[in-house]
Amino acid sequence: MDNIYTPYLMNISDVTDEAPGVRTFRLNFQNEDEGKNFKFQAGQFALYSAFGYGESTFCIASSPTRKDYVECTFRQAGRVTNALSELNAGDTIGFRGPYGNVFPIEEWEGKNLVFVAGGIALPPLRSVIWNCLDLRDKYKNITIVYGAKTVADLVYKNELKEWTARDDVNLVTTVDPGGETPDWTGKVGFVPTVVEETAPDSKDTIAIVCGPPIMIKFTLPVLEKLGFKQDKVYTTLENRMKCGLGKCGRCNIGCTYICKEGPVFTAEEISKMPDEF
Amino acid sequence: MEKTLKKEKLNSLITGLKDKGYKTIAPKKDNNLITLCEIQEADEIHFDHVQTNNSIKEYFLPKTEKILSYTIEKTKVSIEEPEGFAVKSVVFGSRPCDAASLPIMDKVFNWDCTDKFWIERREAITIVTIACDKCDSYCFCTSVCLAPDAKQGSDVLLTKISDDEYLVETETEKGEGLIKELETVFSEPPSGTPDRQVATVEKKFEIDKVKPWLDENFVHKIWAEFSTKCIGCGACTFVCPTCHCFDIVDECTMSKGDRVKNWDGCQFKMFTLHTSGHNPRSTQDQRWRQRIMHKFKYYVEKFDNILCVGCGRCSRVCPADMNISEMLEIISTDEGQPEPVSKE
Amino acid sequence: MIEALRKKAEELLKNKTVDVVYGYGEGSVPERTRPVFITKPEDVNKLTWNKYCVYNLTTYLKKQESRKLGKPAIVVKGCDAKTITVLIKESQIKREDIYIIGVTCTGIGDPPATKCKACDVNTPLIYDELIGEKIGNKEFSFEERYAELDEYEKLSEQEKWDFWQKQFEKCIKCYACSSICPLCFCDRCIVDKNQPQWIDPSAHPRGNLSWNVTRAYHLAGRCINCEECQRVCPADIPLNLLNKKLAKETEKNFKYRSGYNVDDELAMATYKEDDNQDFIK
Amino acid sequence: MAEETKFEPRIVAFLCNWCTYAGADLAGTGRNQYQANVRVIKLPCTGGIDPLFLIKAFERGADGILVSGCHPGDCHYNSGNYHARRRWNVFRPLLEFCGINPERIQFSWVSAAEGGKWVETINGVVDTVRALGPFEGYQKINAVGSDASGEAATSGDTG
Amino acid sequence: MSKKIGVFVCHCGTNISATVDVEKVAEETKKNNPRVAYTTTYKYMCSDPGQKLLRDKIKEEGLTGVVVAACSPKMHEHTFRNAAVKTGLNPYHVEISNIREQCSWVHPDIPTGTDKSIDLVRMMTEKTRKDKSLTAIKVPVTKRALVIGGGIAGIQAALDIADGGQEVVMVEREASIGGHMAQLSETFPTLDCSQCIMTPKMVEAAQHDNITMYTWSEIESITGYLGNFDVKIRKKARSVDLDLCTGCSSCWQVCPCKKIKSEFDMGIGNRTAIYIPFPQAIPSKPVIDRENCILFKDARKKNIKPNDSKVCRKCIDACPIAPVKAIDYNQEDEIVDVKIGAIIVATGFRELEDGLYGEYGGGKYEDVITGLQFERLASASGPTEGKIKRPSDGKEPEIVVFIQCVGSRDPAKGCSYCSKTCCMYTAKHTMLYKHKVHDGHAFVFYIDIRCAGKSYEEFSQRAIEEEGATYLRGRVSRVYKKGEKLIVLGADTLTGSVVEIEADMVVLASAMKAQDDAEQFAQKLSIQYDKDKFFSEMHPKLKPVESSSAGIFLAGTCQGPKDIPETVAQAGAAASKVLALLSSDELEREPVVARVDRQLPPVFSTCIGCFYCQKVCPYSAIESEDIKARDGSVIKTVARVNEGLCQGCGLCAATCRSKSVELEGFNDEQIYAEINALEFN
């Protein structure tokens, strides 16, 4: 019988420093067969292990359309992420996943998409953004509103440039007041305000929001005001997890296990959950 | 299959089990405790108790268990799968409530994917239960749809029919197989209806009223009122036969390590603490609510089972005398409207 | 006594001297009591006092949930009262922030708790109001105080190791011992520090040895011998033996007994130039 | 056990920077040879040694530990060694009470001038621990988890 | 940060490579240690090419951590850290593995030494994995010095600093500066008049633009640290307004209390209740002795304000200052706050209490006096105007016995140490006596004569040979009174005979003791003191004027008995240290300091505020900090380390039960990593 707790062994093939304390690993399966059989969909997460320190949960940040590798972006915070950040290209990490549900991107086909992300919450959306961009003709307008505290805190700076350059993507970047640099050309202001200013048309549009709780709290009313129905607004949740498999018993909000029924939820689903965030 | 077991045959039974390659786990007195633990001789077995202090859980979900080990050489890691954790054993003399916990927990350990550490042990271990001939005021199996002679989870159920004789009933093929393996130890069933000596466990609350109340009262002042005295330890969850929450940690030296699955409990404040310092269940009332909700609402919704077998251990060990059946009694008799209190 | 206790509690609540009274109430069974938190004068009849009032209620001084109820009056036996002295010394509470209802006590538990055998605080050393007839506190010799250690100290090294290994093996890391301890008041217990993880969190013999030894060591010169850790241990580990051993060494080496005098310097936060150093080469 | 292999005790020494570490340096400068069983961990002061360090050293397989710092009154930080001494005054009996031979944790004062005493001390520790033999008790519990399941770890098997 | 560690194994010529296979160490390290990206060996790492190699490889290989396996860190840790800094690498990512002093030099067997080296290097690479960048702590410096004590040490130090251009605040607890030196008659070995050389210095100090003087004042408290002390000075109520008073003497001339024993005259002269301690006092303005003044006595008795008492108002009536009198009976203590950058402690000594030697009649017979009392007798400005008279009857003593080592070198009763000055001043006393009483005879009982100092030996020889003092080697067993005479019973150990002398006066060369309140004072300053309560220098040889606390220096006899030249030299030395310190605007300190954990809300800190750390800290470097909510309410009170005071011992870190305090450079992760890398299992 397979051990559900055994991770794949992966090589770190590339390390990118995104922002202070934020880093992206590109990972390749050490066993090629495992790599060939591996499949995931946008929205899913995994448990990454720094051997000797333990496992940490975060989303898969690369698109399922890029099949040769998996990428993850994490911020140094606890024991495991600190240990991960010590690693270099060539080192081994463990990967257990993919777990959780997915963004229903097929349902979104033929619709406009608005992605709203704040700070270190762009990585969960990056997977689905690239997924949709790689299938560009299936979707109508794609708008991305992304904000961070300061210019330095913006992640995926190269990709932001790439998106800016593309004429089939409307990228709006913003930084919190005081976080701008002299040569900053984006907006200055908090994400909810910028969303309101950008005022994407809610008709036939799906909004995908991801960010710190405070940002979500203020963005949802803005979207509502813009006419977005709760079931057209998606977000991802995170909670402390140990197994990722619905067994260890801690990631539930009320009856809902984030690891199994999530992490992707509509605003409607979330509004029905008890207040235990 | 029905048989009887004479007490005088116990020796042969235990020796027989040993001969057939079984490890025997049975209640044994250890100072102030009655512990389910490995025994060698029938004499070691203790009978005259209500309940063992530890539950059967630890033979399927040990308090600490290696789920993999690895060696680190420079940049390379090699993983070694643990082996030999499922040892052919018989748990002899556990209580029906303990046995009943196992099929309940099978559900979560089989949810979508199978936890082999649980399942392989389940396969390797045969449960021979002895129905309760006595109980105490903490017992409430009858309130959670079980009974002192409940059969759920047992492979073989023994019921005392006289001072030196047990009625032996097999409940599963595995149980039947075991009895057959040791056929000579058992006698034929008595003719007529045997006098089953089974304790009478008082019914404390109407379980049917519990979930409807919980559905309505996620926010209620009773959570805080009842749990002010809770000290936030893990005693209740660790002695509970159905509490199965666990933690996964790495323990290692520089070059080799183990990934370990340890018991964890929802009453600890660390249980849900994010690395950011945020805690979705930051106060004891929230944690106490989680425990009750998990057992009597969430698990029911997910797996159609109450996550409680009424063994009463949590209430016996609670350092602050938090009594779960008392809580449920309050809930099941609360006729009033929900009393929402504002959240801080 | 119960009446006097209830009357006092009622008066304190009525006068708004305090917001809550931490006391003992009836428990699940007659042989048990449980902590109760009385906030309304009309509820004082829930208070009781008998030989099953084993709890050291001062532990609720460290808990945010009970502290939220406001300024407490707290029912303490002589042994429990010593905790308050330590808590004051260790800047955890201010004397004026609590009201101490001392109860005289001739022993609790059935059979009587070990700590009661050489009890020298039948009358609490610190209180605002004393309930019950004042009892002249007895004095015991050093040997009498630590008599229960004798049989264990006599064991050979191997016997000691085996004894404690057998005890620690039972530990399930439920942390009832530290949760109940009124002096284990750290926000983050050392066992929960994972960068680095000094104490293996697993309940295997290695993790259990380091946890139990560290827990005891962290109470050196502090433990006031309320024996709550031992009482609550679901694995029946005689934890207080470790605490007591440390108390003995602290008294032997530093002439210090925790909880007796608020003016004493904390044993483990000070030193004397002539401290014992026989063992140092 | 099949054959006798010569037991070499594994010793960890926690030394203060100012006295004993310098004393050990002096022994080196004087080319005073001693047994090579010791691995030194340097700290500013013995007062900075938490008993957890010692437990962890045993967990990582040490057969013996030496803690050494400045003589009383010589502490670079005025009173660090006095506080350390207090700690050991209670910690040592605690370990002894738990069945750990106190000879496995030794303490000494070795000044920066006492290269000779360092050699003597470390040889003494090595010899004493060699005579005591491997720290089997701890070795057994250290092995737990790495080659046995939790269940086996809790069985009363004393081998 | 990703860790890429480079390991450089030094041959140290053959010092290491002769007994350690350095190539194997490098190879094994490269092969096994995670995060080690580069290893090499080199003949002499500390040489210029060695350091260049280190710098080049840091850059080429992109190393973020370095382990140099070489000699003791005490030798070249600094060298290699500095080399790393030049490449832009933070120096605290460089660690030394000591494989020379603690390996190659002490283990001759190559396999053994090699194995141990591999282990030591592994432990250090693991520690390096956990190294964090640390930046030197910069502390601004307040350019003002505080000198505590206005004796010769304090005055000298203050003048030197003031002349160096820095501000000085001087605090003297007596009514006048001058100290013991002002009491002396003449000084050895030149016999020049003490007043003549002291008074000009006192005046200079008083008039110096850079010196602010507080007499009749004491230190209330000192907080802060090197460069940034906050000092509270208590100006005791003098009852006289120093600004108004001209020192005209009208008041003390009319004072009716004339029989108060003068402290300055060591009790053998009298003074009034409103008084100046001595005629040359600076400031030359009086103080009212509130204990003895009848007005204050009356006010205390009646529990009224002093100014409301009508018992005696002679002084205020006599005060010519108008319209506001210079005397203010109701004056109260005043607290002055000053910010200070460095401190010199020059609080001096006291003479051994004379009652201690009852067998010598000390404190019992009036004519048994102490050395300082003799100074006052011999002083031209003393109560006898320099005439040697017996205190009891004013007669000129014909035979005077001087007893040396009273209290000194007597661990049983007095002090174990030698008071250092007594041999010389006793010799001086015999001379002064002979000069004034030509027919007189001086006997000296001594144990040893210790006259090490320029011209000292010659001086004491002169006392014996030219001035005719009789030196007897031995102890005096008893002095008792017989009629008007004092019988001195002693032993002459050189002849082995018992000596009995009928003396008119006995002078005890009493020991120099630390001030009575030295212990409390040291605690106030957080400086160390020795068993005799003299303040301890940081290092007995190399840091003789530094106290154990950074920024606090010692001068004069508060640190131990010494004579005037030595005191002046030490004061000058302390002053130069202070000047050096005050010459920079900012001080840089090694960042090896403790830190109390701080976290984001809602945790803020894992510290629970038990303050054990504060109690064990030898430097008072732990403060308490209230973490407040937006509304100002206190959420939590936690410990905080004052970086300026912390010396990096780590006591707090080891004391903290929750390990919420860590020592930078030796933090928990680093030590854990070292232990974890033992790989014994």
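In this document, chain identifiers A, B, C, D and E correspond to the written order of the chains, with residue numbering beginning at 1 in each.
Here is the rule we use: a residue touches a chain if its C-beta (ideal position, glycine included) is under 8 Å from a C-beta of that chain, and two chains touch if they have at least 3 such contacts.
Everything numeric in this text was worked out from a predicted model, so none of it was measured.
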| item | value |
| --- | --- |
| Groups of chains joined by contact, in the absence of subunit A | one piece |
| B-E or C-E - the one linked by more C-beta pairs in contact | C-E |
| Taking each chain's C-alpha mean as its centre, the one farthest from subunit E | B |
| Centroid distance [mean C-alpha coordinates] between subunit E and subunit A, Å | 63 |
| Euclidean distance of C-alpha centroids - subunit C vs subunit D, Å | 33 |
| Approximate Å spacing (C-alpha centroids) for the pair subunit B, subunit D | 43 |
| Cα-centroid distance, subunit A relative to subunit D, in whole angstrom | 49 |
| Contacts with 2+ other chains: residues of subunit A | 78, 91 |
| Residues of subunit D whose C-beta touches two or more other chains | 52, 56, 60, 79, 83, 87, 142, 145, 150, 153-154, 156 |
| Touching two or more other chains - residues of subunit C | 190, 195, 197-198, 200, 202-204, 268, 270 |
| Interface residues, subunit E side, partner subunit A - complex | 1-4, 34-35, 37, 129 |
| Subunit A residues touching subunit B - in the complex, by the definition given at the top | 1-7, 9, 49, 51-55, 77-78, 81, 90-92, 94, 239-240, 242-243, 245-250, 252-255, 260, 274-277 |
| Complex contacts: residues of subunit E adjacent to subunit B | 31-34, 122, 126, 599-603, 676-677, 679, 681 |
| Interface residues, subunit E side, partner subunit D - complex | 72-74, 98, 100-103, 105-109, 112-113, 115-116, 119-120, 123, 528, 548, 592, 616, 618-619, 647-651, 653-655, 659, 663, 666, 671-672, 674-676, 678-681 |
| List of subunit D residues in touch with subunit C within their complex | 51-52, 55-56, 59, 72-73, 79, 82-83, 85-102, 106-109, 121, 124, 137, 140-142, 144-145, 150, 153-154, 156, 158 |
